[in-house]
């Protein structure tokens, strides 16, 4: 869940500059940021403890904040906190404040600017029908449009998330049964979503009609579980049952399971970035091992753009599987040429300019013994702004690498995402504004190559990409957005009414 | 602002018991609790710092939480925290996070159970018209009824305060100008309120049609100030201008001051408890010095029920002015027979039963030298449950008092309040269920007397109470409620949909 | 316990300026500051909980920090924290971390600069003989000299308190029995002390040979208690047994009580400031009610320097008993002309200069109704720098007082203290450097008068002061220091080795 | 620095049991724990900020606590905190509280029981000669003996670390120059140490006569730096100059560098565990790349005990370099068969027994796709208790591995360490009490093999181990302790006087 995506396309007012600066600073880190992870369980006496473990396994999908809502048969209980799952939800007294056998949970990704407690999910509202909690992974492409309309009709927004729009749509539905109101709300929204919801009777899961965001069904002690990835089932020893289907709404209550398919059938378009970066390598997404897909990306890269070198060096940790695949295919040895410091937390203050220019290496350190005097291929998962890549290439040269060839295990990113991936707009995407040769020069590599789009499809076991019917949401590489982008076409309106409140947590 | 008052009349569900136990424990302390204090300023470059000082002077009206919302011309800023004003708002970095020349602030009284950050005021909402913040002192008598209706029509409630009802009413109004929408909302609500509100253009003050809750207008450096009491003007050296009139809506913006009187004129009924207990002795309320009124209550008590004793002993601090008045009128020496420990904070854990029975005296200690061998009159401001009075009488006897006569500087409280004073219901009010003689025996005093209702009026400089047209809201003594009690007559409906969410702050 | 008192007489090094500035700022507040309070109990199953309550009753003697050490038969347990007793020791989990039936506790006064956790008492050391904890109220006049000597011989100091000197002296004694080592240490020290000490077998109390600092013996459930004041007995319903005698060392263990009197008998010289300011009014110090003494000071003032006025106004809270005494003796009405805000905690940031000049009144507010148009006598307990008095006189005039006469219920303070009272040096004492008329002009009063020294003695029920044999430690008024001032005569040595470490808590 | 090592060999008193349980629980994690890391810099205007970065790079050597002491020409400043370096020392306000151009810092390893703020280093004392701060990596083998002697002669111990012994020895030395006193202290201690010390003039580094603990010299902007490992130089771009020699004492002050060699020359015996586990792979220790040594261990393992398998799987992260070496030597593919969750912080509470038995995998998750149906070799760095190995083998089988062969890149650990490595005593070391076959059965592997001792030496580029003159401190494998174990031979004395104080931080 993120701030309505249209925000960035309007000229920011003066008071917004700080935020954008922060954002910029953060994205200089050049990392894709996942939008969220969700988890839900129904009917288990230790619902909150299990949800905490599940969220912990999904921590890579969001480090900013975490929340759990439970229902104990009488009352809803909610704990939402900034920070890692383990900071809060490892403690017995917190879990004890979350009694009940039904729970939904959420982890949220880390931004610098706008994180406030009000935005931490699951969101909760007291509807006429009773309490209702929602955790959302994804982003609505008409969230801002709906929000404006709701506000115009007197709705009061408490958060700046577009998830709140869903709550209001459910609240205002005139349908009779709760599930009908819920489905009516889903029919109004566009975009990407994997939702877990809790009422005082039901756990509900829902996945957008194209299946852009992932959601799987598991089972533990005969209790159904919903989770963003299978690794959240593995941590608690739960059985993987199946993926929730694109457009499926699944409802668990005392009486059993109910399945709704409120949308006309369409070919699915799961997000390709789950394979490239987001999902954990040990997860199975859409029936494919993420680790094996990444190795196959690496092997395909070796096929497409190999040069003669002494060693293959991954940019840790995200480049490791592709580097293993590349090394195995090419026969060039895999070496840990970069060591990652896993203790990096906050940003340290930096000493004087003179020292800063020496290049303080908080997160990555060169392993000189593996690099010095060698010709190396560096492998990373993807390239966003290029600033990190540039630093790493320079670090390799400083450590004595004779040649540095940079390889990316995904195609050039040339378009923004509107489905929950936190990318800069086009101006900030290196590949959108530079030729390959320009990029090579900026990064300072001896050669630079990306995985081809068709190569990416082939590594997935598909034929080359079919432009008429692409199998994945690959718009960042191709511009082929799988849904309407309603908010993007309506940005002419001033948006003064949003995000006016800055509140410290 | 408090949880909807009807809550307590329905049988609590199992999960509510803890809360009620806490409440009960707290009220055993036998203290009237004020509902809140509000403050607002328009056009001052240091609006937040001044508001912090004003709230500090109003701290006696609410110790549970405090909040300030400012607007800086571009954006609203909000800081709301549990704890004392000085815990948070004395710090430069907090004030710096509250830029702007317009501010409203709020202090909230201390309860044990339901305090959660969501309920801390000023509440804020983003309406179609822009941001809107409200701080409320008082309680609505149709808040629950309105809330149900709003929820039934799809409104989503985020807090459990009835202040939120006002926000929703403004949001849903179809009127054109903001002030018309605001007044439409006021017309829908019943009960007691002193409101300070902030939009991106205006500071608005409003007082209920009967003026039950106080609100004064001041001025500092040509900037208008709104505050619950004059002591909040004195602390910053601001000039007292006048009381906001009952039913008055006053609007400050760049263009000047606008006054609205949307209600038909009625005789005012300010709450008599502001004089008895709530307001600070150095405040001027409705043109009267609170200190002088309390002294006059004491003198009147001396007139009505004096007995021959050696010393007059106040129950500190609330009984001191009345004791001074009693002593001056009677000529019997005033002595500090009870010493109050001002460091009392949290409730200490108590040692073993044996020690507990000795009576641990956390808050009040007897000053044996002033009491031993003496006949004393103890003076307190009012009597609620009687548990504290009983302990104090016993403490006086243990310290050697020969006779202990108990005098209350107000009449017997026999009815609950529905306007923001946190009283137990009738069953918990000692005077509602016992004769004077029974009360005397329970408290263990040699004699017991209350101020008469007519005496109370006379001490205020009025003739005896006119039942046809009482000058004050005195329903706790007389049962004459000044407004409809809509919520009280509609409690038959189950209220399962409210307050379902327990959230830790 | 404070930093070695010689510190202030040497020119501060550059790095010390900040501290002194802070100190100065603080003392501008013009308040006498108590040095500490101590408490101990032996043989009670809930020693820590009782000690926490006792310390809470002694909170007025020190608000900076508090600590408790217990022994459970196997191990010592210690909790020492900055802040009020109630902030930490009201919590069950803290008390549970302090098992055992023997406890000593300490509260420490509030300074701004040098407060660090290392200095919080009781101090603890592991001696050859076993663990040893000490809490100290008072100040040694040869602490610095002893410290230098100990350090010269290889002792390592961890705190900057002179209490640590006592621990080292005990550690280095070559005597056989523990109590002999303890007494040897006492014989080496000069100055003022009330000590509570704990070993793995004994609770020990000790009072300096002149009884400068107070220490009383109480009893609860047959367990002996030591405390600085009787109010710490009253809070837990303990019986007052007697005062520990000057020079007495009292030892409690399983076998019973052992009394040592290691010093030659001398006429006692208890500190007169316990009556003037430090002790709580409900305490009995040296057999006298503090409240009654203060009233007698007020009555004596009325005898010595009355003028014709309309009302008597105390500076709260310390001036109240003297004002009651003055009013009763003079027949002039006592009025609460100044209201004290008991919520004052941290120092608030102040708005702009213009506002600041209006005079923000955080702590004291004028009660205009009691003052306006009146001739008043203001009564305070003592005068240090005069800055507060000046502000209060101006506040009274601003509130409309026609005449303001200032009366002090103690003589002029013209000399510093070296026994634990935190006074400025002579240059900072208004009375040490100005005539009465100059002081009157500075303060801005219509008249100014102090209690005479002989009047002070008479109010205590003594004849006029006998210069050959004064009954009290009254050196601040008379210059007659009751002990050697060894450190003061040896300040020529550089003190670079002390207090070098600044550590944040 | 750890609690005196003799502690564990005496029967624990009742009150010690909890601690031991905790310890046990912790060691079940089956991890070697490093004792500490040190850092120092002289003459740099941003000494504290640079020290913070250096400590961050040494974070793997200690996660429990961190501290920095600086000297600013007038005063020492100290900040010592529990938690990671980045939790505290990344913040500008903390660094600002540490002014000065000389600094020493320390990170301390994570234990559960006895961590208290008093023990966090650098320790500081005010000696006769001035302030003195010490950070210590290592452990003294006569620390307890010296401590007893010092306490017997009146020394007061404030911490339970044996580092404090060094401070007392310096304090009590009668020598004239500070450095002579320091060296006298070093001559009295036995065991392993790398020390960084700060006085008001000097930065001093010292390494024990056998060089058991590492210490390197670096340079940044012409300022000398001392650090436990070269990775702490790399992070700030400092130049590596040389290793401090065994037995060398190096002193930096305004005048330059002074080198002392107070010990008779001996063949060095650096700790072999720095290569096996402790040092970061990118560090150069004793002239050897830690990464290359670990790869060589893996290659040697392949030479010694290869079996035919499908894949090589490292236990992350410590087994990765050896697995890379093994894979390269054997030609069997390297695969990430286990995924490590780097977000593991606190221990989570675990749901019911039924769930717990399924095996919650907080830290390691199987990567099923890489394992299923495969014969695998698992490579880990070392084996302590075996509990983790057992779980990992079972996890591999549950994930479908057909065969699981376990290989350790170090010899069997059969003896405890007394030089700062936190190992269980012999009873807790699996290899000390079981045959190879028994271990294989316990762990549940199809085969089990350790690196041979001679193979370990050969992988280091040495000939086979020379029992007459081993080149490394390898006592955990061989029993050949390089120094006296004074404390171990004197454990008959009761130790009641130590560690009596339990204090919360």
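A, B, C and D are the chain letters, set down in written order, and residue numbers restart from 1 in every chain.
By our rule, a residue touches a chain if its C-beta (ideal position, glycine included) is under 8 Å from a C-beta of that chain, and two chains touch if they have at least 3 such contacts.
Just so it is clear, the model here is predicted, and its values are computed rather than measured.
Pairs C-D and A-D differ in how many C-beta pairs touch across them, and the larger number is found at A-D.
Centre-to-centre, using mean CA coordinates, chain B is 61 Å away from chain D. One inter-chain figure worth recording: chain A and chain D are separated by 37 Å, centre to centre, where each centre is the mean of the chain's CA atoms.
Per-chain Cα centroids separate chain C from chain D by 48 Å.
In chain C, no residue reaches two or more other chains under the touch definition. Judged by the touch criterion defined above, the protein chains form a single closed ring in which each chain touches exactly two others.
Chain D meets chain C in the complex at residues 13-15, 72, 74-80, 97, 117, 124-131, 151-158, 167-168, 171-173, 200, 496-498, 500-504. Residues 44-46, 49-50, 52-53, 56-57, 59-60, 63, 84-87, 89-92, 95, 220-221, 231, 234-238, 280-282, 284, 289, 291-292, 317, 320-321, 324, 328, 333-336, 339, 341-352, 354-355, 358-362, 365-370 of chain C touch chain B in their complex.
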